[in-house]
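Please see the structure below; I have some questions.
Each chain gets a letter, A, B, C, D and E, in the order it is written, and its residues are counted from 1.
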Amino acid sequence: MTQPTVSTAAGPRRLQLPSLSTLGPLIALLIAVIVFSTQSPRFFSGTNFSLILQQISYTAVLAIGQTLIILIAGIDLSIGIVMALGGLVMAKLATESGLPAVLAILAGFLTTMFFGFMNSQIITRLRVPPFIATLGMLGIVTALNQTYSGSQTINNLPPALTALGNTFKIGGTAITYGTVLMLVLYLIAWFVLSETAPGRHLYAAGNNPEAARLSGIPINRLTVIVYTVAGLIYGIAALILVARTGVGDPNAGQTDNLDSITAVVLGGTSLFGGRGNVLGTLLGAIIVGVFRNGLQLIGIPSVYQSLITGILIIAAVALDQVSRRKS
Amino acid sequence: MTATLTPTAQRPAPAAPLVMEARNLVKKYGSVIAMNGADFELRPGEILAVIGDNGAGKSSLIKALSGATIPDSGEIFLDGQPVHFRSPIDARKNGIETVYQDLAVAPAMTIAENLFLGREILRPGPLGKLFRLLDKKKMHDEAVRHMQGLQFAIKSMKQPVETLSGGQRQGVAVARSAAFARHVVIMDEPTAALGVREGNMVLDLIRKVRDSGLPVILISHNMPHVFEVADRIHVHRMGKRAAILNPRVISMADTVSVMTGAINPADLSADMLAH
Amino acid sequence: AQSAQPIIGLITKTETNPFFVKMKEGAATAATKGGAKLLSGAGKSDGDNAGQVTALENMVAAGAKTVLITPSDSKAIVPAIAKARAAGVMVIALDSPTEPVSAVDALFATNNYKAGQLIGQYAKKAMGSKKAVIATLDLFPGQPVGIARHNGFLQGFGTAGITATTTAQISTGVACAADSFGDQAKGQTAMENCLQKNPDINVVYTINEPAAAGAYQALKAAGKEKDVLIVSVDGGCAGVRNVKAGVIAATSQQYPLKMASMGVAAGITYAKTGKKVSGYTDTGVTLISDKPEAGVTSKDSKFGLANCWGQ
Amino acid sequence: MTQPTVSTAAGPRRLQLPSLSTLGPLIALLIAVIVFSTQSPRFFSGTNFSLILQQISYTAVLAIGQTLIILIAGIDLSIGIVMALGGLVMAKLATESGLPAVLAILAGFLTTMFFGFMNSQIITRLRVPPFIATLGMLGIVTALNQTYSGSQTINNLPPALTALGNTFKIGGTAITYGTVLMLVLYLIAWFVLSETAPGRHLYAAGNNPEAARLSGIPINRLTVIVYTVAGLIYGIAALILVARTGVGDPNAGQTDNLDSITAVVLGGTSLFGGRGNVLGTLLGAIIVGVFRNGLQLIGIPSVYQSLITGILIIAAVALDQVSRRKS
Amino acid sequence: MTATLTPTAQRPAPAAPLVMEARNLVKKYGSVIAMNGADFELRPGEILAVIGDNGAGKSSLIKALSGATIPDSGEIFLDGQPVHFRSPIDARKNGIETVYQDLAVAPAMTIAENLFLGREILRPGPLGKLFRLLDKKKMHDEAVRHMQGLQFAIKSMKQPVETLSGGQRQGVAVARSAAFARHVVIMDEPTAALGVREGNMVLDLIRKVRDSGLPVILISHNMPHVFEVADRIHVHRMGKRAAILNPRVISMADTVSVMTGAINPADLSADMLAH
């Protein structure tokens, strides 16, 4: 109703903040932090928070890629295993093949990008649904990992490969470069998604693929780009993981499929594509990390940790719905 | 040698080469034949109305012309050159803009975003060229400008399209095609959901586009609208062109009769037919 | 037409854990040498009993006369084994026993409880009179192997009231118990959180050597690697190298290759002579440490490396 | 174009056969059967096929529940663990509590139905997306399983509990009652989905929830029914599993989340809801079972089994697309 | 006592109690006010047209009347009794059938299935009652019958709705509401996508429904259609009712002027207003 002409009053806010859909999880996070702080004197400290960020760093980076993919209504079940392979390639080339660390890292990135690209080819050319395409890739890469590594963990990495695990201090709190890289990647992803044309195309492709196609958005090309960029992101996650653990591990990342999707959905992104926010994903990853850390710190036996985490995750999202119905 | 004069009324030479032409388009979906040898001709700077019963195959025809579907057989010419659109991107590259009947909009995205979907305004300089950074302010201002022309009661360009009324949503789709066409504008029932006032605005817009030199293909079931703006009327029936009528001569009632098959076009007087 | 070539099946808990991968390689080598055909299968994850049952059935269907299995669930696999044995197949448990042990023809295994005991005794001695603050990085809830090693460790360390048959994971005197899933990255996270919970931790028991490596990584980041004693189980080459490097103080070494080759040999014998093996053969567990403690028998890392599995 | 009036020529076929979308997997299955048969003399036999059906039986039954849920655009990640709990309850009550087997089984059914019902309540009342709701439930039930069982497997079940594992003979091939029950359940599910009003409502609710709501279909009630019925189906799966393995196992079903979803998607059902066929799911489950059995029989090392399975799954669905583009 | 005669022209007693009535409905979406104190009255056996600009709030009004949205405030009466529809199911239980503007159809389902969505024909006897078994044959035959009345070029009732043309899809939605109403039929722009012939068929249908005794609420932007069938015209403007016009007296042009706000309803002569 209102005025019959277009209002220009509300000029465009230049940068959009995370949508309301992450309000609930945010509140849940705050409540959890308060509870944990009262229950354990060691929870509320810069060192512990820095630790939590380190712990979630590689999963959170993976979840950036998963967010991009889910935004275009896809899904990636090969995310953890591809990361593991990337880390293996870096570690093996840098040690056994004696390649300079930079080249080894590059080769790792190329590897993960290659498998992201392959996923996209299976999806766009063979028209296999992403779930099946990436599930198949999970099986394939699992076998590659084991044969390539001989199921052996690779130790004694050159310092360049673990540089992201080094720390610097801010007010007495040691922070790893890996953590910083993760945060920077989130900022970049958020910026690209909300401020660039390809970012918006991604939303359109997930929201209404047919409309996007008719609007001249090259859906297939976009899909290829998204999965390949996601592959690059997995490579970065691999580097962070390798730096954090100091090894190349063929068995790494096995729980990261579910973990990364959890972070995405917890952050308010729709599994049906087109709606969501990558900063929400970061929040989702942090929530999981805080729950895990806090529950351990206050000494909950591990059996009950899964119980309480389950309840908290549901509560976080339910809270969101309650708060939204009120507004 | 003796020059024989052909009566112009009988076989007029086209005023100018055709902008778009289609010959014998066929499209089948299983046992349903959506196009059954459809022909089509669009002249420079004209408003060509395409009318026909529901399910006559009008949308199928223009989807073929705009690259949204690939016909099973037949040829399409743009400015006399054969073209093979594999996707809407191809058609759009050739300056063809289309309003689809089922409004190709992304419901969760804002009006401004939908208006510029697929051809966002980028920041000037390398920021735009290299990083494809959006010029959100300019997009917003342009969106306001385009939509203001159509006078919909829309509060903010940042409303998601899914919250708009049916007519408002259609307005977004129409504003979009008019704003970007460089060669041909195709509108599939652009006024179906519009009110009287808004419908007239869109008719004005169509005329403005024509006056700027671009031909317009207007699919419509609204006979008054058709007769108000059309230069020629293409009647589609059972998957093909049944006749081309001259709205300045033929009556609305006769037109409807041709459309529904009550009158055989062959029985019409020659001046009622357009060429 | 059945060839005379004996078919032997090997079913491991998972197909990716290096311990089982090595076991499989050992079995493959032994099979090739003995002219047998080896079929292999595995559960999808640790604890996937149904996957092992399926694999077992498939091996029998494929004509295997001997099946070697590392039971994921010592009790749950028993009925399926009974079925296979009723069909004339010799079933040998490797690495972990079934419950009851008599459910299989024979058992070639390490005693996980004993492996835990050894490092528990070692840790007790190494700590001497110093007050021990213990963290345990376990497998995950409800895993019998994890419970056996964990309880064995505590018993060896002196916790009262634990026996080899205790089925619940005891946490008396443990400052922080966390699950590592036997995974290095998760072990590291678990250790970090434990340190955060109690910075005075000075003894760390780990379910396996990857978890130990993770724990070490966390301790190093906290600057505590010198002050904390890490003990572990497995005896993989990477683990023994870590013993040598001082990362792990002591580890209980197992011999998966031995289990596998013994199993395959028994299978070939059975195929040729129809004679089954029986009973429990302890393939042995050896405490490996470069800082021996009086009163606890141990071998050094040189011995460990000479006998380790993996690369 | 065609006639301007409604054709009545093609009367309604009374029973609809599975749609074309399962053609590809079907072809893939046939090819696989042929290849395996040539590679192993033991593959192509009634006994082996009966074995495969036994092996997939409980997962295939679970996948019926998953199909119903995915058809209404939901998902269930608690599927395996709820089944495990159901089996535990049956086993524990029948042995330790000495309850008559029938009552123990009933209690197991009630348990699984209860958790299905709880899922639906979290989804409809708290408006938590199914992914999060059932992920939370997974954590909760995992803890319940461990505490209730003391992490102990329960042996020595009374014969009534394992009756479904008994066999009867058809032409020399022994078939378990569990297998028959699975097939019967599929027929029932298929019949209900295609021939009853609630079945069609389910499709509508997944295809266009808003239209379904406006058409007067009680979406929330439907959701509650679907998850609760799925719960009952998990209970039946639990009984089949218990009969098959002869034990109550707290760690059972851990891979069944992914396995059941795989069967559903492989069978041509869309993860976005509203499109699909439950018989396709059975086909999907059989394919996975045949691949596993065949690869094991022909002696492929287990590392490569995952590789080949991955490739085959992708190929099966890709084939479908190729065959469809041709037609 | 003296009886004072009130002039009937001034304040006519309604011929019969109102079938539906709404008072002061309000619905806000954030800062957008979709209904701003809307009143509404429907008489027995009448065709009431609701007209208004795009975004005037017509769809919002009928969504409130049909239970599809719950208004923030205001009252709704059915046959004089206050009702509180919490969902479309409530309205439908009261015999109110609605064609929604955005066509509430399930695209992947067939025409027959969509026609009977939510009220499938069940087998007679316990098979239907207990097991809710569909009578597919009967549903198919009934579907053919309903759709035949509207003469769309639809090949088979088993075509998924997503393969239909825009008009055909609308036909399905219209056929549905007409077939099932027992009390009130609400149609939000039922002829927008329809061709001339098909549109007239639907107008016929609407008249038939009215003649069978059911009142019809017809929202339309098509003035000729409105004037062809409406008994009264409810003009909606900026979220509320601006006037009720008598189409037998007022001209189409004046009606449009009222609708767009060019004429103040207070300035109209009394006979142009309906009550």
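Everything below uses one rule, namely that contacts are C-beta pairs under 8 Å (C-beta built on N, C-alpha and C of every residue); 3 or more make two chains touch, one makes a residue touch a chain.
What you are looking at is a predicted structure, and each value in this text was computed from that prediction instead of being measured.
Set against the C-alpha centre of subunit D, every other chain centre is closer than that of B. Ranked by how far their CA centres sit from the centre of subunit E, the chains are topped by C.
Between the CA-based centres of subunit B and subunit C the separation comes to 73 Å, rounded to the whole angstrom. Inter-chain spacing, taken between the CA centroids of subunit A and subunit E, is 49 Å.
Averaging Cα coordinates per chain places subunit A and subunit C 33 Å apart. In subunit B, the residues that reach two or more other chains under the touch definition are 31-32, 53, 55-56, 152-155, 238. Along subunit C, residues 15, 21, 141-142 each make contact with two or more other chains. The multi-chain contact residues of subunit A, meaning those touching 2 or more other chains, are 1-2, 4, 142, 146, 303, 306. By the touch criterion stated above, subunit E contacts subunit B in their complex at residues 29, 31-32, 51-56, 59, 101-102, 152-155, 159, 163-168, 171, 189, 192-199, 221-224, 238, 256, 259-260. Within the complex formed with subunit D, the subunit C residues making contact are 12, 15, 21, 24, 28, 37-42, 44-45, 47-51, 53-55, 57-59, 61-63, 72-76, 78-80, 141-144, 147, 167-169.
Of all residues in subunit D, those touching subunit A in their complex are 73, 75, 77, 122, 126-129, 131-133, 135-140, 142-144, 146-147, 258, 261-262, 265-266, 270-272, 303-304, 306-307, 309-314, 317-318, 321-322. Across the complex, subunit B is touched by residues 1-8, 10-12, 14, 195-198, 200-201, 203-204, 207-208, 210-218, 274-275 of subunit A. Of all residues in subunit C, only 15-18, 21-22, 138, 140-142, 171, 176-179, 181, 183-185, 188-190, 192-194, 196-197, 210, 213-214, 217, 221, 238, 241, 310-311 touch subunit A in the complex they form.
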